[in-house]
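Chain naming follows the written order as A, B, C, D, E and F, and within any one chain the residues start at number 1.
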């Protein structure tokens, strides 16, 4: 459990700063620091066991189905890294307390920092590669926040995005690599995977996995060619740079390579990829670092260079080299963190980090200078400091490694070391030595111990390890290297190996060369400035920006908000898919006997088709198009009659009438003609698309009608049960209100919703000033003088009750004969519409006692309650009952609960149609018309009541 | 056993909506109270249904007391119960957000329409009848039309028109497909179809294949599968934010139906259709993924960015569904749970931003917004979820899918990983320009009502993601059983008691 | 007869789709109406064509399949509701922007902000085909 | 009371007859239903028919209806003749103004309807004040006689019935 | 029912059908043949109506020869047609007048007021 | 026998009438003519429905005719009102 707690503590600690910041900055830092300290203490408690060679494990099941579990283990490597992360973390917290300005939100900073710390600890303690991946990506995210912490700096923003893109992207690649490893090993547990070296290296998937995992590692550790993001991350506050970009995050890649070393290393692929990347990075970054004027940039490239060095060592694939790598990791962490903090102090005090504006700080900031001096000398590899020890070992390893030629590696490593010496001394010489200047942006002097305490402690380590490596560090190197190489290691570190080793001479050459380069600074700088070189940010932007622009243009080109394109693509895709599906299965033509064609029917068919086909040709005059569409709809009525569907004929007819009224109401607001917009080829294309769909659907219809169903249709039950079971002889109606009453329930709700939506939109429209303006302009040029001709009004007075009577009749007989609540509702609605047309909406509606909403609401409620009424009898929703009633002297008649449901249908339909049309009428009133107070316009004989 | 409660997710909102329209049309407060009450009840019912489905197996509700397949049935199984639960949970967040943000007061009828939408979606999840599925699709669609144009405005209306028009064509396609289904098989009951189709005469195979493809493509339209996705960006980007959040579950209806039919009615071992649907959906899902991710990277307004994020998540879901194996289906279900909450959260965050920001364009700066710190944190969390970054459930969902696709690793893995990369880029770019742009720092933000309820709702969704992450173990075990039951539907069919009344 | 009906369904489908591919709202809506005719007849035909066998119990010995008729009824009603909704949207779009184009202009789709609603689209009249 | 229950008694009566026409059968139950509806529907719709049409001679109204039926049949033959046999350019269409003596809107409407359904004439408009009808005659070599016939054959009868 | 009566009724039915067909055809033919818009209005309002009326008569008594009863629903249909046809005709005529498609030389109304269609909109008192 | 011929005759007449109607619809010189034709077609459709009923010997389809007679004119009036006033309900 302890390991899980160690990993969890920083995350829990991330919640603290936000709360503690109210108690003051020091309290905030103390609280945060104590969490880290607690974690460090817990780690220390585990250390003895690890140093004895044991492995501490914790396992919590999380997602066993996937093999993702919260499994942690602690070995030497983990101990080393966890110690570095927590220890340096503690120092950074201390340092940041004094570094951050009053205006910087410190709580936020510590929260981000703790998130990051937790993620890092998680990486190094994970015993499950999926878990490791989670922490891995979390470091990318939290570093994104940290780098972008100063939101106002565009460099910070871009730097953060670049870091996230590169490291996050690399992490994605690593996911694939890890999954491959897991699949080969049969487990995602690291401890298991680490035992499958042979299986993994023999697998066909070894190389892809290696490349993918290395992509993750290289991006994180800023190895060539992914080194470019790191300097840009320097826009972050210095504590961040010191922590992430020297001590921890960038080392996550190294950690991973070290972690996977037992299973991945030792192959030629590993050697070539890893050591080459490391070597190139080391040399190239060192050279760049030499020419950087920004202290932090210099240190950043120096970091990249040192990471390259370590990568190279790991790439060699030998135990000795790996051991040296581990040692250098420790050393680099100490001196580089100290240097970053020093740079931060300089920046903090002098308000600049530009070497060209610095110099002479030696006397102004003696403490800072001392720290910087020791750390730089260590970085340069000057004895007896710790940097010297690991550099010697490195040079020795390089000298004995054959890379292309036996000597190339040694030469290049020496050149790298030479640059390293050069930039280290330049850091000192241009920053601290030389005369005191009088043009610093701010008068520098040594800060308080709060700021220099942390680097001073680190430099102390630099010196102690340098002087007494065997006592102070060898045990840690042993246990960590042992974990990396999977075998016991007993390292021997000494300052003097005699005159034989190549490293001595290479070292001397490096120091000499480095000093000479610094001496020749001015001409070298001029040469450097004269050399064109790729600027990382420009290249990155050159990739990302065009990518984003391409994405944008692609997206907007494809999704151009064109309905016609959407439909055309959909139709073609559907047709293609259907054709493809059809061609893949066996097909027997239908065997159903066909119905003979009557001449009359054929003629009327031809008339219908003529009307339909003509619509595309004359659709631009909209009323005419509506008339032709109406003809097709009208002629469907006799079709349904002919084909034994009286209910359908009734419904089609009444819906058709209401639809035409609706369309005309709408057309009043819309342009009356459609301009010709599509060019002929486009029209031809559209016709082709439509034609394909038409042929396809027509052919499917043919196939459907000419065969019998493979199984007996379920409707045989409806026919058999209509009378005895549902109490009605009109089977269509019993299906609608009983067998499938639930469909009808849904259907009326659709209508109700439609009306509500229409009402809501029309309400909105009436509130808009632009709409009101346009409405005023919709009146036709020429208008008849009378709005409500008397003849229509008088006829309506007769027709209205008559139509209602027909409606009642259709409702009542629906269960047994064609009709029903739906058609009845429409007939009633048509009757009301007739009244509205005759005397106008305002006059007519003023004489109506209820709101249309209420009709809809009651319709829904009645239908729902009539369905739910069955519950009272313990029966399912919509279960109906019927009874034949005999009341003297009347004939026997039937009472069916389905009729109540049908009443709900009726009300809902009526309310919906009226509400929809009323909404449109209300809009029409905004065209500036005057409400009438009389039923009809004609002057003479009027009545009043 | 749940008895009548199975239909409660349909009847309850219908009744509440009817009541609102009838009696409390002009009283916003009353409607809010009723709306929240209804949804809280719905959550309780959904929870009970979920429990019952998990412990008692599939249960069938015979509407009108008619035997299947002649009447319509509702079927409560693990999958439908889960989807109803998801719906209810999302609805709670949405209704609270709508009240908190005042969206529900920006036009008439928000609350009844929302109730009807819940009814439609819940009904679609629960129904055991193919034609009834169409009816409930239409209910949810028309309610969504109403909600889509809630609040009005020129572009919203026009986008709504495109949405409606395209979906009307989708509805037509649905009816074509249902007619074919009935004419070939003579039945509409899903269990009946699942039972009968293996015995289909060979000569009908081709027609059945066409039927299957047409049906699935209808669902693909709802699910915005490329190339049927064109309706989504405009619709989601122009819908009120809170409505768009609710729509996050609407696309899942398409995914749900695809799964229900693809796994149960046209399973891979059905001789007539075989791997037809697999071959259709999987590639389309992958392309959808890419289209969505490219859209996220290329979007120039926040709502469009989120909309494309939604497309990408549907691409992921369809990719997983399209394999039609229990393992991938289980992963797909987890991903569906995740992406519904994540997409909704993202839409709510986007709405928080847009209502405070002078404009929605990402390419141009705008004055700072009120509560920027809190909102940016919410954005970050939602973006992490959408992009499938750790530690939220999106990452687990992605891992589950990747792991389930180990047989098709090169293609599927690379597409999913590349898409993740593009998503990360897109969300990071958008986030930094929304919250970090320097010119966004100049003026002081407007004072704004704190909208505690709106933030609570957004937090609630994110908390859901956290829960989904922490409980991933038990959840995936449960989903595994659910997925298995789809490919071995004996219990589902048996619960229908087919032919006992014929 | 079956052939005639099949052709009719195909023709109505094609005409409907052609109209929905137009660029103005009204023809699109007419196209959807026409398409719904095709759908209804198609759905109706799934019960096959039968004359003089209306499914009213007691009016004959055998009856045509009543189920598709019931389904078509439902479909007709639903499509009516849908037509009404899209119609008001067309009106709304026109009244708010001054044109009745179906497609949105490039500028339109970039505005999601609160002020977008009030925008006057008369100017956005580029001739997009 | 009865007046309030039956605002338009003739309408109610018509509706009873109509109901029987609809149900197409003679049953006691139908009568009960007919009476219920004939009571309710005029009440429901009475708001839109605020005044009461007075019919003084209901039997004469029946006679008038028969007369019009006969005229309609005749009219059809006349129109058919014109359509089929009179050369296109010989058809003498005329506008005719018919000044109205009728006041009741019901009566005027009935007259206008009659004119449309009977010999070769068609009510095309009404003056804004409602005191004249504009008639179009399909083939009227002598328009004055047409007007006279309308006034004597139909308007006079309607005046007796309604006023 | 005697065979003679039966035959007579059948003859009436047949006459109704033949006449109905004839008039329906004449109505539609008149629409094409008559040269002026106002003239074409006459054709359907009369000929078609009576054509349908005749068919309805045939339908009404169509069951008699088989021993059925007279169906009176057809009368209702006829009634509705007669009630509504004049309104259609009036509105069609008004439309022609307003659009200037009617015969010219519309006479004065003789009342001092214009024809309603051509007048100015009159606000309610 | 004779009924059969008469029925066939009327069917033929109605079919021919429809042909004339559609011809008029295409060639109509004025918009009003098209409305007149639509009105005529509604009545012809009514006749067709009645004829189908007579031929099938059933009254099941009469309600369709009732509805056609009752509502058919409404379309005509609405089209005219549209041309006359723009707004059909004002």
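What we mean here is this: contacts are C-beta pairs under 8 Å (C-beta built on N, C-alpha and C of every residue); 3 or more make two chains touch, one makes a residue touch a chain.
Given the structure is predicted, the values throughout are model-derived calculations rather than measurements.
Enquirer: Under the document's definition of touching, what chains do chain B and chain C have as common neighbours?
Expert: A
Enquirer: Which chain pair is joined by more contacting C-beta pairs, D-E or A-B?
Expert: Higher C-beta contact count between the two pairs: A-B.
Enquirer: What is the chain whose Cα centroid lies farthest from the Cα centroid of chain B?
Expert: Comparing chain centres, D lies farthest from chain B.
Enquirer: Please name the chain that ends up farthest from chain E once chain centres are defined by their CA atoms averaged.
Expert: Result for the farthest chain: A.
Enquirer: With chain centres taken as the means of their Cα atoms, state the distance from chain B to chain F in Å.
Expert: Each chain's C-alpha centroid was found; their separation is 48 Å.
Enquirer: Between chain E and chain F, what distance separates the C-alpha centroids? Give it in angstrom.
Expert: Measuring from centre to centre gives 11 Å for this pair.
Enquirer: So how far apart, in whole Å, are chain C and chain F when each is placed at the average of its C-alpha atoms?
Expert: Between these chains, centre-to-centre, one finds 24 Å.
Enquirer: Indicate the whole-number Å distance between the mean C-alpha point of chain B and the mean C-alpha point of chain E.
Expert: That gives a centre separation of 57 Å.
Enquirer: What residues in chain B touch two or more of the other chains?
Expert: Touching at least two other chains: 131, 135, 138, 142, 145-146, 149, 151-154, 157, 159, 161-162, 165, 169, 176, 179-180, 182-183, 233-234, 300.
Enquirer: If I count partner chains per residue in chain D, which residues reach a count of at least 2?
Expert: Within chain D, residues 18, 22, 24, 112-113, 123, 126, 128-129, 131 contact more than one other chain.
Enquirer: Which residue numbers or ranges of chain C touch two or more of the other chains?
Expert: In chain C, the residues touching two or more other chains are 17, 20, 25, 28-29, 38, 42, 45-48, 51-52, 54, 56, 67, 71, 74, 78, 81-82, 85, 89-90, 92, 96, 102-104, 108-109, 118, 120.
Enquirer: Which residues of chain F touch chain C in the complex?
Expert: Going by the criterion above, the answer is residues 56, 58, 60.
Enquirer: Which stretch or stretches of chain B touch chain C in the complex?
Expert: Listed in rising order, the residues are 131, 135, 138, 142, 145-146, 149, 151-162, 164-165, 168-169, 171-172, 175-176, 178-180, 182-183, 233-234, 237-238, 300-304, 354-355, 357-361.
Enquirer: Quick check: in the complex, which residue numbers of chain D touch chain E?
Expert: Against chain E, chain D makes touches at 18, 20-22, 24, 72-73, 75-76, 79-80, 83-84, 88-89, 91, 93, 95-97, 99, 112-113, 115-117, 120, 122-129, 131-132, 134, 136, 138.
Enquirer: Applying the document's contact rule, which stretches of chain F touch chain E when the two form their complex?
Expert: 2-3, 5-7, 9-14, 16-18, 20-21, 23-24, 29-33, 35-37, 39-40, 43-44, 46-47, 50-51, 53-54, 57, 59, 62, 65-66, 69-70, 72-73, 76-77, 80-81, 83-84
Enquirer: If you look only at chain C, which of its residues touch chain B in the complex?
Expert: Chain C reaches chain B through residues 17, 20, 25, 28-29, 32, 35-36, 38-39, 42-43, 45-48, 67-68, 71, 74-75, 78-79, 81-82, 85-86, 89-90, 92-93, 96-97, 101-104, 108-121.
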